[in-house]
Structure formats: C-alpha cells, structure tokens
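The following blocks contain the structures, represented as structure tokens.
In the two assemblies presented below, chain A is common to both, partnered first by chain B and then by chain C.
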Partner chain A sequence: MWSYVARRLLYSIPVYLGIILIMMGALRLRDPVSAYLGKNATAETALLKKASMGLDRPFLPIGIEDPAEPFGIEPIVEVGRVGFYPPLRTQYVEFLWRILRFDFGTAERPYRSWQFESDNVGAKLADAVWPTLKITIPALVLTATIAILVGLLSAAYRGSVLDKTLMVLVVLGMSISVVVFIVLGQVFGSSWLNGKLGFELFASNGYEPGIQNWVKYCALPVIIGVVVGMGYDARFYRAVMVEETSRDYITTAVAKGAPRHKIIFVHMLKNAMIPVITRIMITIPFLITGSIVMEYQFRIPGMGKLLIDAIVNKDFPIIQTFTAVLAGLFILTNILTDVLYALVDPRVRLA
Partner chain B sequence: MMRRPRSSTTCSLLAGAVGLLVAMLALSPVAAQSTGEKFARLPIRSDGPKSLDPAKGSTSYDNQVVCQIYETLLQYKYLVRPDSVTSYEDVSEPLLLAEMPKVSDEADGKQVWKFKLRDDVFFHDDACFPGGKGRKLATDDVFYSWKRLADPKYEYENYWLLQDTILGLDEFKEKFATRQPSKSEPNPPPPPPFDYAAPVEGFRKVSDTEFEVILKKSVVRFGWVISMFQTSIVAREAVEKYGDTLGKHPVGTGPFILKNESDWKPGQNMILHRNPNYRTELYPSEATPKEKEQGLLASAGQKLPLLDRIELTFYTPDPVMWQDFQDRKIALVQVPAEYFEKAFVKRTKRLTKEYSDNGIQAEAVPLLDFIFRGFNMEDPILGGYDEKRTKIRQAISLAVDLDEHNDTFYNGINVVYDGPIPPPLDGFPKNGKAPNSFRGPNLRKARELLAEAGYPEGRGLPEIEYYTSKGSNQAEQTQAEIRQLARIGIRLNPKMVDFSELIEAINQKKAQMFGFAWGSDYPDPENNLALFYSRNKAPGANHYNYDRPEFDKLYEQIIVMKPGPERTRIIEQMRDMVIADVPFVGSMARTRFYLAHPFLKNFKPSEDFYNWFKYLDVDASAPR
Partner chain C sequence: MIAAFKRLKASRGVGKFCRNRLAVAALGIIVLYALVGGWVALGDLLPGRAGITYAQVEQPVWPTPINGFGIPATNERRVEAARIITREVKRAVNNGEGFTDIRYGLLHILPGTADSDTELDRLSTLIEESEDLYDQLSEFDDLNSPEPPMLDDGAPDPDSIDVPSTIARLEGAVRQMFAPLSGWQSLKQSLLHSLGTDRQGRSNFLRVIFSIKVALQVGIVVAIISVLVGTFLGAAAAYFGGWVDHAVVWLYSTLSSMPELILLAVLVYAFSGSVFDKVSNPWLALVPVYAAMCMEFWIGPCRVIRGETLKLKELEYVQAATAIGFGRFYILLKHVIPNTVHLMFINFSLLFIAAIKFEVVLSFLGLGVKVGPSWGRMIQESTQEVINGIFWQIGAATVFMFVLVLAFNIVSDALQDAFDPKHVG
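Then we have the complex of A and B:
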C-alpha cells in the first residue's frame, strides 16, 4: 500500500510541474502589471511593481530579453539573443521553491497580495479557508447523507409514488438556478421571515466569525447548497443503487429472508461504496475552494469570494497561488480516492 | 434476541444535533445590542478599500474610507455646490490649515504657497507615540507625507499628483530612484537608501505651524491636489512602527478612528468610531441657496463628527445592497441602474409615490464623467488630421445617437454634451451644445461627409475594429452602435474584451476605435484636456494619440494660468479644437441617484469628495 502511495506521488510530480508551468505561462500571456495598475500608472511604477514580484526576471532558465525591458538579472551564457539564466532566479523555479516550502509570505519574507498590500498571500488564503469550510463541510455532509438516503429509498422502491416524488423534488432543486434560490432565500428566508419573527434568524448577507454566529450567517447558504446540490447526487446514487438491486447477492439476501432495511442499508450500501466515495472525493477540493456564487452573493469572505475578487482586481499573486494550491489539492485528492478504494473494497488490488 | 442499540444511538445523535442547533440559536446575536451610541450603517458599493495608507490609495473606494481617518490641508465645502466651478477657491476651505493658503507669484515664474497649520490638530492616540498619546501636527509631517509619494517603496503610485510641481521634488525623487540600464550605462549603481531628511528646495519651514511650498511655476492643479486624499498627512512614527502594515493601522488626525484591526473585515465591513480627541470642528454655516432651502443648515455650529460610530458595509452584489436598504439595515443607498425605476418615475426623475410617502430622501449627484468612443489618431484609416479622414470621423460622430443610448441604457439620467469637459466645469458648453458640434443623429449630414471623404454610403470603407470592455450592458450598447452606424453604411467589427485587454489594445495603438470613460481626478478642465496633450500619448492617458502642436501650446498655457475669463476662453478654444478634429465621439456624464431613510439627517452626498460622513446625523427616536 505505502509503495503504491509513494509511486502515485512520484508520478504526480511531473504532472504538477506541468500544470504549474502551463498555469504560470497562461497568467503571463498578458502583462499582469499593466492589467493591475490603473489609468494613472507610469512606466516607473510598472517597473517597480514587476520587480517586487520578480516579474522582471526570465520566466524559464532560457529566455530572450526585450531590449526595451531588460531582465533584472544577467545571463550566465548568451547565444545571440538567447540567454541562459541562473535557474534558481527564474520565476518558474522560484515559485516552485515557494510551493515546496509552502511559503506564501511571513513577516520576515513577505509575499504580498497586490490589492491588500499589508497582507501576505498565505494569510489571505488562511483567513478565507474557515468561512468556506463552515459552509462547505455541513453542506457536503448533509447533501451526501440525504442524497444517499434518497438514492437508496428510490432504488428500493423503484417505480413507486415515493420514488417518483423524491425524484421530482430533487430534480426541481437542481433545475432552478442557484441564484434564484439565493434571491428567494434572501427575500423570504431572511427579510420576510425575520420580519415575521421579529428578530434576525438568518442574515441576508455578511459573515461574522464564531460558532455562535453560524446559524445566522451560514445556515441559509448551507440549506440552499443542499437543495441545489442534492439533485445531482441523489440521481447518481439512485442509478448506482438500482444497478446493485439486480446483483446476485441481493437476490440471495432476499431468498434468505433478510429484512428489507438490512438489505438496503447494510448489503446494498456497503457494496455501492466505491462510486459513493468517488463522488464524495471529487468534491473535496471544492470544500476548500468554496462556492464562488454562494460566497459572492452572501458576501461570505471565503475562498470563492477571495478568488473572484482577486480576478476582478487582477491580484496576480493571489490568483497564481490559489491556482497552484487548487491543482495540488486535486492531485492529492485523486491519490486519496484510489487509496480509499482499496480500503473499502478488497477486490481492488493496488499492486 | 432483540437488539435496539442502533436506534437508541440514532436517537441520541439526533437529540444531540437538535440540542446543538438550539444552543447555537440561543447564542446567536439575533438582536443588536443597543450601546446608546448614535450610529449609522452606510454602504460602500464595492469590496471596500485595499489599504488605508494614503500613499497607496488610488480608487474612490480607498478614498471613501481613508478620508474619514486622515485629513488633507484643504477640503471641499460640504454645502457649497455652485452651478459652475472655475477655481479651487470656489469650493474649498481649510481643514488642517488655520486659513486659506496665500499664493504669490515670483518674478522668476515660481510661485510661493504660504501655509499656516491649525494649532489644535493632534494625531489619533496610538501605541506608535510615546505613552500612546497622539502628538500635535507639525510642518515636518506635511513634508514627510509628501516626500513619501516620492519614495520608491510606495512605487510612485500617487507621485503624479506632485510631479513637475514642487521645486526640487522631482530631483529629490530621482536621487533615490533605481536607474534603468542604458547603452551608456549598462550596469547603473544601486540608488542610495531613501533619506527623508534630504532637503527639497521647495519645502521651506518657517515654524512648526507655518511653512512655504515653492512651485516651479504656477501650477493651478496644486490647489486641488492638496484636497486629494493621497496627500493626507501621516505621522512618521506610525509609518516607522507599522511599516508595510500601515495600511491596516491607520493613524491620522481625522474625525473617525479604526479602534482595532478586527474592526475591519476586508470585503465585509468596517467599524469606525468617533475620534474622542477630535479638535473643535463645527458643522458648516455656509451653504448655496438650494442647500439652505433643503434645511441642511439645521445642524450648523454643532461639533463634528455628529455620529459616534459609522459602520461601513462593502457590497459587491447590488441586489444584496438594495435589499438591505429596503430592510432599513443601511441608512442610504446609491441606486443601481437596474433599480432606478423601482424608486423613480423615469420620465420625471422624481421619487415614486410609495417612496416619497415613506419619507425617503433622494439626491442626484452629477459625476465629473467623460464617457466617449475614441479613435486612434495614428490609425491609417481613421486617424490623421487631413480633410478626408477628419470627415470620416465626423460622419461617424453624426451617425451615433447618444440620446438613444442615454434613454435606453441609462434611464435618460446622463448628461449628453459636446467636448471633453463635463458639467459644471469651466469650458462646459452652454446647454451642453458647442458651436461646432458634430453630435448626432444627423444622418443626412453624416452621409454627405462620408461621400465627400470618398466613401459614399460607406462603400469602400473597411470594417472598423471597435474595442470595448465586457460590462453589464456593453454587448447591447455595442449592438446599438452597430445598428446606428449601419444606417450610413459603416460596418463595425466589435471586439468585446476584458478591461485589461482593452487597455493593452489602446496602449499598443491597436484599437482603431474604442469605448472608454474618464472620471476627472479633480474639478479642473485641465485634467480632462490633458487627455489630448501629445506628451501623454499612449501608453499615457492620451489614448487617442492626439497630437496637435497648437493644442499643446494652449495646454501648456492653461496649466500655469490663474482661473479667469482669459483661461476660460483658451479652454473653450481647446475644447472646440478637439470637437472639430473628432478624436472621439461623445460625450456623456452620469448622474448617480442616492436614497436615504428619513432617520438620516444632513444627507447631501457627493462623489467629488467623500469626507462628508462626519456631517451625517441620525434621528435616534425614529424607527430603524
């Protein structure tokens, strides 16, 4: 098992290096500094901004210098216009080194956000993780639990009124835009309901830290997240469970006279765990990255809002770091999923 | 044997979950705790400031907050809103100064500004001062704060405000600037460490409260610049203590303070408290007639700020802000375009009955806006100053119907005008119409000009690449322009791009025609006319690459001329020059509408300046 994990990690390294290379290259297709600086930016300001982020250095150890904007370092060797530069001082290697150390800014070695110049990128990401997790984890747990339950019941009572009713409800939830639910939630779940109750049960927007504020600021987004997300999961789980109902072990269990609830919740559920785990695992990176729409509309200062604000404000260090972290999370999640397969299903051989 | 443990476990879990929920509800701050303080919740229609350091601020969102905490030498008069403005003296008054600066011209062309600081201004109490007690403001603070703009550490973000203005300041800046490698100097030596003690010839200290600033020449805009938040006065002790994090630890002299770092949740909200040591600064007793009639002098003579606390909420999605205003969670709101007709009757621009019956207050705030469609004057087809290409641009201008745009996309609330100078600035044409106007729609004339240019009905004229940024209704606006120009046979090839791509296309002179807007940095027409000065060509602010030596000469005259009829005449001459050359199709200036609940008093918003929160008051007895 451990050798498998190590092997998967090793295989992932070139994939990750490639992702970072492509991502960094894409972010530099247009000059990030001129995009960030406003209408009064001078050439001097642009040069200082570039230098502060190392954007005046060559991207890769091999590069062609623009005579109008020379690199901030001298080449080791120069062949015609092509220069070879010290690799450790190139943007790509420097950023990889930063990722490797997970160093996104400290008091001694700052790595500042462009928009929030008093804050390090790492601190901004760390601050944004908790609000996101306070929404995404309860939403994931509730969605998965309810969706599995709905999937099991629908499959067990396939074709019945119960099955059809449940499916209509979950499909309705997923068919309506999340923005509609958010607006309805804010108008009726917050403004109208609070008016009726005489106190503010659910805030229409905003966020305050502390578990005591969870209901006020996080419950409504969680409820909406569950309503919207459940349809996709429930339909998927139902399909998985329906397939399971035709398996021999179910026929055997029925023939043995096993109780229906035991067949559903023990035999069927256990054997359907691989697709269930896959489904849950692929959502893990999004637990961290959050829901952009939800956080934006509810003004929750989570990762999704951080990303969208960074994109809108052309905050290059945040966008670059966020993307690198997200890519890393995806790769780690994939490896974790494979490991979990083996744990829940001995038929899966990792060797 | 019957086994029941599973169901009892489930019951326990359920009971636990319900208990937890009840406990969280019980702890939830469902009702705001009353502190007895007078406060107002005010919206900022953005995700808020990025830094509270004036040297780093640039946007109006930074301004909205920074100017509550820091102060400038001069400020705009809150209740003096004249129909036209010719000089900073028309609308400015001392803030940190004891009196208006005395300006004298020297024989050698230099200009001396004599300043006298108030003797009762103290910085906020802060740990950066000995004993945590804010010290008195002094002359050296002014020099220090302005030198900061020349410090490369702050990337010269706001140095443009003082560039080519104060005697010796440019040289001071250059002394500490990193020199770029050149052919003659491929490896320039590193600059010396920035030295705030190094002298600047134009800064002359008379005493701790009196000083002179010598300008290289008479620079009219200096009078405006010293009201701009970027030139606010900071304390050296605070900069040295907080360094890069000064943006989160503001220490100013203003009416409000940020008590704790946790009072600012970026992207969320910020709570500012009354500065307990604020000097005796009184609510104004001077007002223009309209403001008097509105009863805005009722608080005259009261000590500022009138509120104990302001809670600023940062909104990016407009619907959320609008809903919060409906729920009376915020005291005022800037009306988003899509909600205009909910609050106002489109035809009359008056409040709907429902709103006026509820006592909602409304204010229209005209912006110093210049919305236009520009041409690249270096483009081989559309650019140039010869008769043929000028006529093509004139034809395009005559085919575009800005009134239709205004009515369709802006609820008819914009001001459509000729030239680049918005109302109420000097040089704004009477009723918005210049004598040599090429404002459309005049399709007959447009077709004639196009035919005279050699393209009858647009035949033979290649498709024009029109760059515009993706925005809320930009696609629809572009479609309207395509339709309008098609009426005279001109074809537009729209390029809807991100704003950064638009800037890049303009800077690289790739965009033949482009949609853009300019918000004046200060209310002097010079700021807008600088957009046509040849030394500012792309990548500078002259996006049109307009280059006319006679215009340049006039521009160089007006930047050093005192406001008066002669300056106005030259400004009008420059305006008419660009109108005739048509480097742009325009123009429009937006008007923003604000609403306020009846409990908010002294409500007179402005977007030329933002330190008016200190004048706001609330009727504590009114329902909130």
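Then we have the complex of A and C:
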C-alpha cells in the first residue's frame, strides 16, 4: 500500500506544478499595477510599485535575454551575452519554494497581501478558515445524512408515489439557480421570519466570532446550503442504491427472509458505501472553499469571500496561496479516498 | 458525419427517446426558447424592424416602479408617476424643446406636436388639469390610506374629494398627453408592463426575454466548443496513447484539481479588461466568459469520450480499418469519433445547463455579464428590491430560467436513459 501511495504522490508532482503554473500564468495575463495606483500615477511610481510587488522579475526561469531591472534591486548574474536569471528570483520558482517551506509570511519574513498591506497572506487565510468551516461542516454532514436517507427510501420504494414525489422535488430544486435559493432564503429566513417572530432569530448578514453567535449568523446559511446541495446528492445516492437493489445478494437476503428494513439499512447501505464515500471525500477540499456565493451574500468573512474580494481587488498573493493550499489538499484527499476504498472494501486492490 | 447522424436517427436510442412524451415536450419548450432567442437576436441585425435591441431594453417604460399582472401600484406611486410625466411635458412645452425624450415604451407624444399650435394648446390644458388634480391630492398626508379632512364638529368634510376617482382622472389626463395607441400597439404596451418593472422603471418582460438570447448564446457557444474540443482531445488521447495521452490527462487533471468557480472567476478576470471591456457590443463583451467556461468545461466530455474510445479501439471494425491500412487520423475522424455521437449529445445538454447556471452565478458575483441584462444580473439587481418585498424582477428571471433548465434537465435525463442506460448518477 505504501508503495502505491508513494507512486501516486510522485505522479501528482507534475499535476501540482501545472496547477500553480496555470493559476499564476492566468493571473499575469493582466497588469494589476495600474489598478492599485489610480490614473494619475507617473511611469516611475508604476515601475517602483511593480518592483515592490515583484512583478518586474521574470515569471519563468527560461528564455530570458536581458531582464530589465531599472532599480538594481538584485544584480543579474551575467553569463556571456545571455542574461542568466537565478531561478529562485523568478516569480514561479520563488513561489514554489515558498510552498515547499509552507512559508506564507511570518513576523520576521513577511509575505504581504496586496490589498491589506499590513497583513501576511498566511494569517489572512488562517483567519478565514474558521468562519467557513462553521458553515460547511454542519452543511456537509446534514446534507449527506439526509440525502443518503432520501436515496435509500427512494430506491427501496422505487416506483411508488413517495419515490416519484421525492424525485420530482429534486429535479425541480436542481432547476432553480443556487443564487435564487440564497437570495430568497436570506429574505424569508431573516427579515420576513424575524418580522413574524418579533425577535431576531437569524441575522440577514454579518458575522461575529464565538459559538454562542452560531445560530444567529451561521444557521441560516447552513439551512440554505442543505437545501441547495440536497437535489444533486439525493439523485446520485438514489441511482447508486437502485443499482444495488438489483444485485444477487439482495435477492439472497430476500429469499432467506430477512426483514425489509434490515435489507435496506444493513445489507444495501453497507455495500453502497464506496460511491458514497467517494462522493463525501471529494467534497472535503471544498469545505475550505466554502460556498462562495453564500459567503458573498451573507457577508461572512470566510475563504470564499476572501477569494472573491481578492479577485476583484487583484490581490495575487492571496489567490495564488489559496489555490496552492487547496489544490494540495485536493490531491491528498484523492489519494486518501483510494486508500480508504481498499480499507472499506476488501474486493478493491491497490495496484 | 452525415452518415453517422442517419445511423443515429434509425437507432434504438432515438426511438426510445421519442417514446418518452415528457422529454419530447421538454424538447418542444427548448425549441420555443430557441425561436424567441433567435428573434431577439435579430435586433442586432435589423434594428427597429425586428427583435429587441440593447437600447430598447435599457429604456424605462414607466417613470415609477409598477407591479406585474396589472396589479395597481400604491396610490402614492401612481400620483408620483403622473407628476413626473406632467413635469416633463410641461418643461418641453415651455422650453419649446422636442418631445423625443418623453417616451415610455410605446407611449410617446404625437409627432409634430412642437410645430402645431392646436396640439400645444391641447397639451397645456391637459397640464393645467393634471396640476390642478395633483394640488387637490396633495392635501392628503397619506395617499395610500387617505383620511378625509374633518370639519370642526368632527364629521367628515362633505366637500372633500374622492381620492381613487381623482387619481383615475389624473391618470386619464396624463394618458391623453400621449398619442393614442392602436389595438396592436396597446397590446404590446401592456405586454411591456405585464411583469412589472425594476426600480428604474425598465420593463421586466423585455429584459427577461432579452436574457433568453444571452443565456442561449452562452449555452450554445460554450457547449459546442467544449464538446468539440473535449471529444477531439479525449478520442485522440485514447486512440494515439503514449505522450498524447499523458499530455491530455495531465492537462485535465491539472484543471480539474482547482474548484470550478475559482478557476472560472480567475479566468474571467484574466481574459477581461483587455479589448472586450471596452466594446459595447454585447456579442463580444461575453468573450471572457466564453473563454473561461470553455477552458473548464471541455474536461467532462474529454473524460467520458476518452473512456469510450479506449473501449472502441479494441473493437474489430477499428482493427479491420487499421489492417486495411487507413491512416490513423482518418480512422479517428471517420470511425471512432462518429461512434461517440450519443455521448456528445448527452454532454452537450449537460454543459448547456452548466453554462447557463454558471453565467448566473458569475454575473451575480459581478464577474460575468457586464453589458446589458441577463438572468444573473436581474437576480443580482433584485437583491435591493426583495428587501422591500418587491419580487417581480427576481420572479420573472427565476421562472424563465427555471423552465429552460428544467426542460434541459428532462431532456438530458431522457438522452441518458435512451443512449447510455448503464450510467449511474
């Protein structure tokens, strides 16, 4: 098993390098300097700003003829006529080195966000994780539990009125935009409901730390998140369960006279666990991303809102670091999922 | 390709699809949307004669917000609208300006009014009447629940005016300022008002219809390009194997290791801000959105078709073609890809839904459509209205989008059942 893990990790290296390359490259298609300086900046201040952002240095250590270095911040080692740029001073390699050390800014060696110039990127991300997790973890647990139940029920009573009603509801829910759920959920869940109740149960937006404030600020996003995620999950789990109902072991269980609830909840659920686990495992990295639209609309200072603000404000360090951490997490959970398979289901062999 | 379509038409899958009445009805709805979208798009080609232009959509059809389905607005709003129109007409009459600016949908002042004294006199009397009625109404503090003024002995004043009928007379006077509409025109005008207006008085109906074009445009462009690119790369990767396969797999594992919305948002950011933000042509302004979505969405079909091709290339007929000595590209284009057409159709309808939905999310976050209306922008703009209990705009956008996405969901389910029954999920 360990050799399998090692091989998978090795295969992931080019993918990871590619992720960072694509993300950094895509960001650098546009020049962010003018957005930070405004219209009246002189060419000199623009160059200075660019240098302070590190954007004056080449992106990749290949194909550099004569890199312009107007302020002589670091000398370029001249090798013959072709300017040789030290790889660690190029933007791409420098950032990779940062990821390798997991150094996203300390008090001594800062790595500043561009929009919040006094904050380190690492600290910004660490602050945003907790609010996000307070919403995504309950939402994931609730959605998965309810959706598995719905899927099981629907598959067990396939073709019945219950199954048909549930599936019609699911398709209807899937056809309405997430955004509409969030906007209407916010209005009815906060202003309208508070008006009916006479006190403020759910705030319409904002966030305060502390577990005692959870219901006020986080419960409504969690409820909306469950409703939104429900449709896709329930449909998927139903399809998985329907597939299981036609297996031989179910026929055997029925033949030997096992009670129906036991067939559904013991035999079927246990054997359907593989796709269920994959589905849940895949969503784990997205626990960190959070629901971007939700956080944006409810003004929750989580990862999703941080990211959208960073994109709008062209804050490259935060976007890059965010992607790097998330993609790393994504690759690791993928490997972990495959290992988990083998542990859950002895039929699966890691090769 | 044509032969492949003929074979497809005769296949069992098509028959199975056609027996699914719900799916055929859904397909009909999609065709209806496509017709409306195509008609709207004519506005760019034949402005003024057919279709809807961007300028028409942005024009207010009433000075104050109104409700849909002919539900009357509050008395205050109605009086306010009459006052605004009266003020505008009066200013035009006094300054001798043209009347071209005063236009609400199809309602406009009679052409040639500025030159004709009789018309100007008629307008002046109407303005006087309207101002007089407005003065009478302004005696009331709260027009929405008017209380008749009291006499000294506490009884209601018998001389006081009746508020509803006075408002009706005021609106009648204002209505007469505009040129009379023919039956067909007044039908169109009531259509413009049928779903209410947004806060700026722009017609929800017109905007929601115009958005059909935007949605279809995004859906069709993105789905076609993504499916073609994905199919070609997936089939080539599986068929050629070797470094081609490694490169394609590397590319899609890399792109799919980033969350969709993040990649889309970053790509939209990267591609916009160049030429495309400066053009006002709504066809070109969406290019960053197309590019970002295509870079993300080709992955789905690519994976599926790579898997299918791995199976296909072991089949006898491909081996036979190789043995005869056909070129590898020829076999790929002639024998492999045509046999994945059913998967291309399924993926097309899945990607179409995804593109429409992501357009809405991106526009909502302020990253998508920036010029002209779209369902996403309408929903985003309505967030300010729903707080005040006005649901006309969000309702219109949601219902129109819901019907289209539902129809596509039904069709793609039926396609999957008919052509790819073993698929799970």
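Quick notes
Methods note: the second predicted complex is superposed on the first by the 328 of 351 C-alpha atoms of A that agree within 3 Å, B and C clash if a C-alpha of one lies under 4 Å from a C-alpha of the other, contacts with A are read in each partner's own complex, and residues count from 1 in each chain.
The rule is simple: a residue touches a chain if its C-beta (ideal position, glycine included) is under 8 Å from a C-beta of that chain, and two chains touch if they have at least 3 such contacts.
Everything numeric in this text was worked out from a predicted model, so none of it was measured.
When the two structures are aligned on the shared chain, A:27 is found in touch with chain C, with no touch to chain B. Once the two complexes are overlaid on the shared chain, A:42 sits against chain B while remaining clear of chain C.
Contacts of A:3 after superposition: neither chain B nor chain C is touched. By the touch criterion defined above, A:112 reaches chain B but does not reach chain C.
Applying the stated contact rule after C-alpha superposition, one finds that A:183 touches each of chain B and chain C. In the superposition on chain A, A:296 makes contact with both chain B and chain C.
Once the two complexes are overlaid on the shared chain, A:246 sits clear of chain B and of chain C alike.
In the superposition on chain A, contact of A:174 is made with chain C only, not with chain B. By the touch criterion stated above, A:213 is placed in contact with chain B alone, chain C being left untouched. Overlap of the chain B and chain C contact sets on chain A: residues 30, 183, 187, 191, 296-297, 314. Across the complex, chain C is touched by residues 14-16, 18-19, 22-23, 26-27, 29-30, 171-172, 174-180, 183-184, 187, 191, 235-236, 239-240, 243, 275, 285-286, 289, 292-293, 296-297, 307-308, 311-312, 314, 319, 322-323, 326-327, 330-331 of chain A. Across the complex, chain C meets chain A through its residues 250-251, 253-255, 257-259, 261-262, 265-267, 269-271, 273-274, 357, 360-361, 364-367, 375-376, 379-380, 382-383, 386-387, 394, 398, 401-402, 405-406, 409-410, 413, 424-425. Those residues of chain B lying in contact with chain A across their complex are 21, 24-25, 27-31, 47, 50-51, 53, 56, 58-59, 152, 155-157, 159-160, 177-178, 180-181, 244-248, 265-269, 313-317, 319-320, 323-324, 326-327, 499-501, 503-504, 507, 518, 521, 539, 541. On chain A, the positions that touch chain B within their shared complex are 30-31, 34-35, 38-40, 42-45, 47-49, 51-52, 70, 110, 112, 115-119, 183, 186-187, 191, 194, 199-201, 204-208, 211-216, 296-299, 301, 305, 309, 313-314.
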